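You will see two complexes here that share chain A, one where it goes with chain B and one where it goes with chain C.
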Partner chain A sequence: MFANPMILFIQVMNSFSLAMNLFIIAAGLTLIFGVLRIVNFAHGAFYMVGAYLALSILGVTGNSNLGFVLGVLGAGAAMGAMAFVVERVLLSQLYDKEHMLQLLFTFALVLVIKDVVKMIWGSGQYSISAPPFLRGAVNLGISPYPKYALFLCIAGPIIAVAIWFFMERTRWGRILRAAREDRVMLNALGTDVKLVYSGVFVAGAALAAMGGALAAPRSAVDPGMDALVIIDAFIIVIIGGLGSLLGSFIGALILGFLTVMGSIYLQEWAIVASYVMMVVILLVRPWGLFGKPDEERH
Partner chain B sequence: MTNRSQLAFLALLFLILLAVPFMGSRYLTELTVQVMIFSLLALSLNILVGHIGLVSFGHAAFFAIGGYATAFFLSRWQLPLGIAMPMAVLLASIFALMIGALCVRLKAIYFAMLTLAFSMLVWGIIIKWKPVTGGDDGFVGIALPQFLSSPQNFYWFTLAVVSISTALMWVLSKSTMGQIFVAIRENETRANFLGVNVRQMQLIGFVLAALFAAVAGSLMSMYLRGMYPQSAFWTQSGHIVISVLLGGVHSFVGPILGASLLYLLEVTIHQYTQYWPLVMGLILIIVVLVLPEGLIGLFRKLYTSVRRE
Partner chain C sequence: MTMFSASIWEESSMGILQVEGINVSYGLSKVLHNVSLKVGKGELVALVGRNGVGKSTTMRAIMGITPSSSGQILWKNRPITKRASHLNARDGLGYVPEERRVFGSLTVWENLDVARRPPREGLEPWTEERVFALFPDLEHFLTRPAGLLSGGQQQMLTIARTLMGNPELILLDEPSEGVAPLIVAQIGKKIRELRDTGVSIIMAEQNLDFVLNLSDRCYVLEKGMIVYHGTAAELRDNEEVQNRYLHI
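Now for the complex of A and B:
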């Protein structure tokens, strides 16, 4: 298989494209955990809602280039707005409660969101085609490659850099990092920590929804699409380290390559291999490759 | 609830269960079998959650292992039930010993995540190991021994197994070991200073919880005459945690109430709408926000307010 550079090239590109799609989802999950210390089981459900919202927006605008952009951004905005209400009205009451209650709350959201999605859009399977400017293939020298997958390969790193820039180079990012380190101190210094928490939850949910909208053209949209994606996102953030953005980027790359390459070389056992990897990381380095150990873990 | 009132409750429950097959409704008998199995499953998880204070998000793995192993031993190896079922439970306990030894090294969220990872691993293996498990389609067509083929007899068998298991768990929870479990839940550091080997005790609790979950899985596979991969999926683990929380973790009988109510609600609501998960999700949100002590907590509040008046 390695003898054929064309096939290898396509596999590498496929891995990268999948990894970037997964990264966008995992980034939101790790952001929420990093600041709120909440493991968000509903993140997969947010991803699913994003895909359906994009579907509906495209139904109105027609499958145009502008419709696609509106679909992705609109899905993020609408999911963000819903997340804001959920966070303010319900989740915020649980911040000083046990982790378990927070975790079960997000599990309840999974159940509720899944059924609401079924009520609105039905149980059938939909598909979204790529926008006109990303249809077909482009010749990359070694081999032709689908434009949409290539677009994901480029969009992922751009989003990663944008989040990095926001976190490391802006005032808001500094406040977020401070909230991650010591929220009591941040509050004492006069920052409205409540607002920070809302913002982070909304941003994380919006990222998940945009990830879902972007995933829609390369996979089916159905009410079961959330259940495995959340486990993938968990694997990524565990590998990279809960709360670490760089970690989730690297984690996404590892899982992306394992999934695509594994499906060829390990056949159907690739999915098992990814769970083994999650187990091994948790045992050897529970804080992940790029996380920091803290007192809660040991 | 005091020990006496809990024992009285269990005794009353047992008497009611003895009467159920004589009420002449096959539907009721079959429904009660399922309620008993889910109650046993919830009780088993409560050894970890309520007594030791470790929340596993992968408990379904042992339920599934118990079920699949029973199915395999009965149908493929054609072992008699008296050997197949204990072997299945033993197998699940051995897995629990290995998995638990690794899991108890972690705490809180990381413990939940690792149990989740292991259960997904089990799920992945069930899905992919088709020659043994039947893969996606599940393991169908379990050969039951002759004496269990009538619903009546299966009821008596389930009642016997569930009652004995419950009695064992009760004795366990009131034993010295049960007290040590609670000590660990309340304050791990202090228990450690008292000379308790915390990890070892947690591991014992983990294995015991898995053992009884495997018994429940074994019963379920025989009841359904089959076992399905969904039984090991993370959402199934979530449902067990919900039953325990709904009933109330800090009492012995709480999980029985939680599992029973949840299952009866499911059956009832399914008659009107397919959106049972939505209802369950809303119930869970209410429990988490206003009733973190579960039904038992609610009863206790009602009881004290009635007494005050």
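Now for the complex of A and C:
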């Protein structure tokens, strides 16, 4: 099969497309962990809600190009607004408490969100078709390739560069990085760190929801879609290094390629491949590829 | 056992900061007992005492990082006792922590930028240029991560960073701690230059010579209480207080 360049090309593209979809979700997870030091189990649920919100928005607008854009942005905005309320009213009460309470809280959120989703949208399976301008295939020279998957291949790096630019080249990004290191000191320098926390949680949730909305045309929308993606997202941020954006990008690439290539070249071993890879990486670098050994934080 | 020396605080001059009988506890242990002090405009006041007597806690209580359980803190005659530290910072209090808590992965310039606040009426605003005029070393390391600087450079950076917020009162916690003697002298010179700009300073220190050279007045702390209060000159001559509370 390696001999057939066309199949290989398509699989490489598929790997990349999956990796970029996963990256959008993992980026929010690692952002929230990096700043708030909270492992957000509900991140997959936010992703799922994003897909359902896009579904409902498309139900109103019809499956047009504009509807697709509104669906993705609207899912992000609506999830972000809900995340803001959750963070301000509930989660913010737990910052000074032990980590276990924060974990239990985000886990409780998963259960609540799942049931609310079932109440609103039922437990059936939906599908969303790609918007008109991204339907069909485009000829890439070596082989035709689905436009929507290609779109994800392009959108992922654009989002990655946008987040990188925000974090490294804007004052807000500098403030987030400072909050990651020493929030007490940052607060004493005049930054309202609580507001920073809210903002990061909201942005992370919005990213997850947009990831869900973008994933909807390439997978089914059902109440189980969060469980799969949260495991992948955790594998990515752990091998990449918790809190590292570059780590998430590389981690998503590794997992994306392993998943797609593994299913072809490793067949029944594919399922264990990602876990073996995680174990190997963590044995060599327990803090992940781009993480840092645990340092003292204030 | 309190030995307040008379005549050093003229009742007529209002303090910019007044701390009135604050108490602070960590869990069950009480670390500050009824601490009162005043700082006048443009004054350099020192808190001296051995390790663990409550100097840093006093600073943190004033800044709003470790809130006091009772008592009152007045900033320009307005109570700020339980106010959050970011509001205090925006209102002109500048905190320079002990142990040089720079943001290690951020560059020197980024450390300064994060702390930037609008200028304050009646005070010449701090800009990068003005900060580098005071600490020329820092300008050479603009793009270097702050964690890679030497101890003395990090200490300069924490002070410079706080200045970017245009403070009217600077809380300097142990500026000479863990810094080579030559650098201590340099830092002392910078602190004097700062005071000459008209800013008020409270400085917590264990290094008595450093304090006596720089400060206008001194408060001596022992076991969370203020046990002596006098001008630097008075403390210099008071060997009894020095022996009892300050020498090891």
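Annotations for the structure displayed:
Assume the second predicted complex is superposed on the first by the 292 of 298 C-alpha atoms of A that agree within 3 Å, B and C clash if a C-alpha of one lies under 4 Å from a C-alpha of the other, contacts with A are read in each partner's own complex, and residues count from 1 in each chain.
Going forward, a contact is a pair of C-beta atoms (placed from the backbone, for glycine too) under 8 Å apart; a residue touches a chain by one contact, two chains touch by 3 or more.
If you're wondering where the values come from, they're calculated on a predicted model, not measured in any experiment.
In the superposition on chain A, A:103 makes contact with chain B only, while chain C stays out of contact range. After overlaying the two complexes on the shared chain, residue contacts for A:192 are found with chain C alone; chain B is out of touch. Of the two partner chains, neither chain B nor chain C is touched by A:135. Contact with chain C, but none with chain B, is seen for A:182 once the two complexes are overlaid on the shared chain.
If you count the residues of chain A touched by chain B and by chain C, you find the higher number for B.
Of the two partner chains placed by superposition, only chain C is touched by A:171; chain B is not.
Within chain A, the residues touching chain B in one complex and chain C in the other are 298.
For chain A in complex with chain C, the touching residues are 171, 174-175, 177-178, 181-182, 184-193, 298.
Within the complex, the chain B residues that touch chain A are 55, 57, 102, 105-110, 112-114, 116-118, 120-121, 124-125, 127-128, 233-235, 238, 241-242, 245, 274-275, 277-278, 280-282, 284-285, 288-289, 292.
Residues of chain C touching chain A in their complex: 63-65, 84-86, 88-90, 95, 97, 101, 103-106, 110-111, 113-117, 161-162, 165. On the side of chain A, the complex with chain B involves touching residues 39, 41, 90, 93-94, 97-101, 103-105, 107-112, 114-116, 118-119, 227, 231, 234-235, 238, 268-269, 271-272, 275-276, 278-279, 282-283, 286, 296-298.
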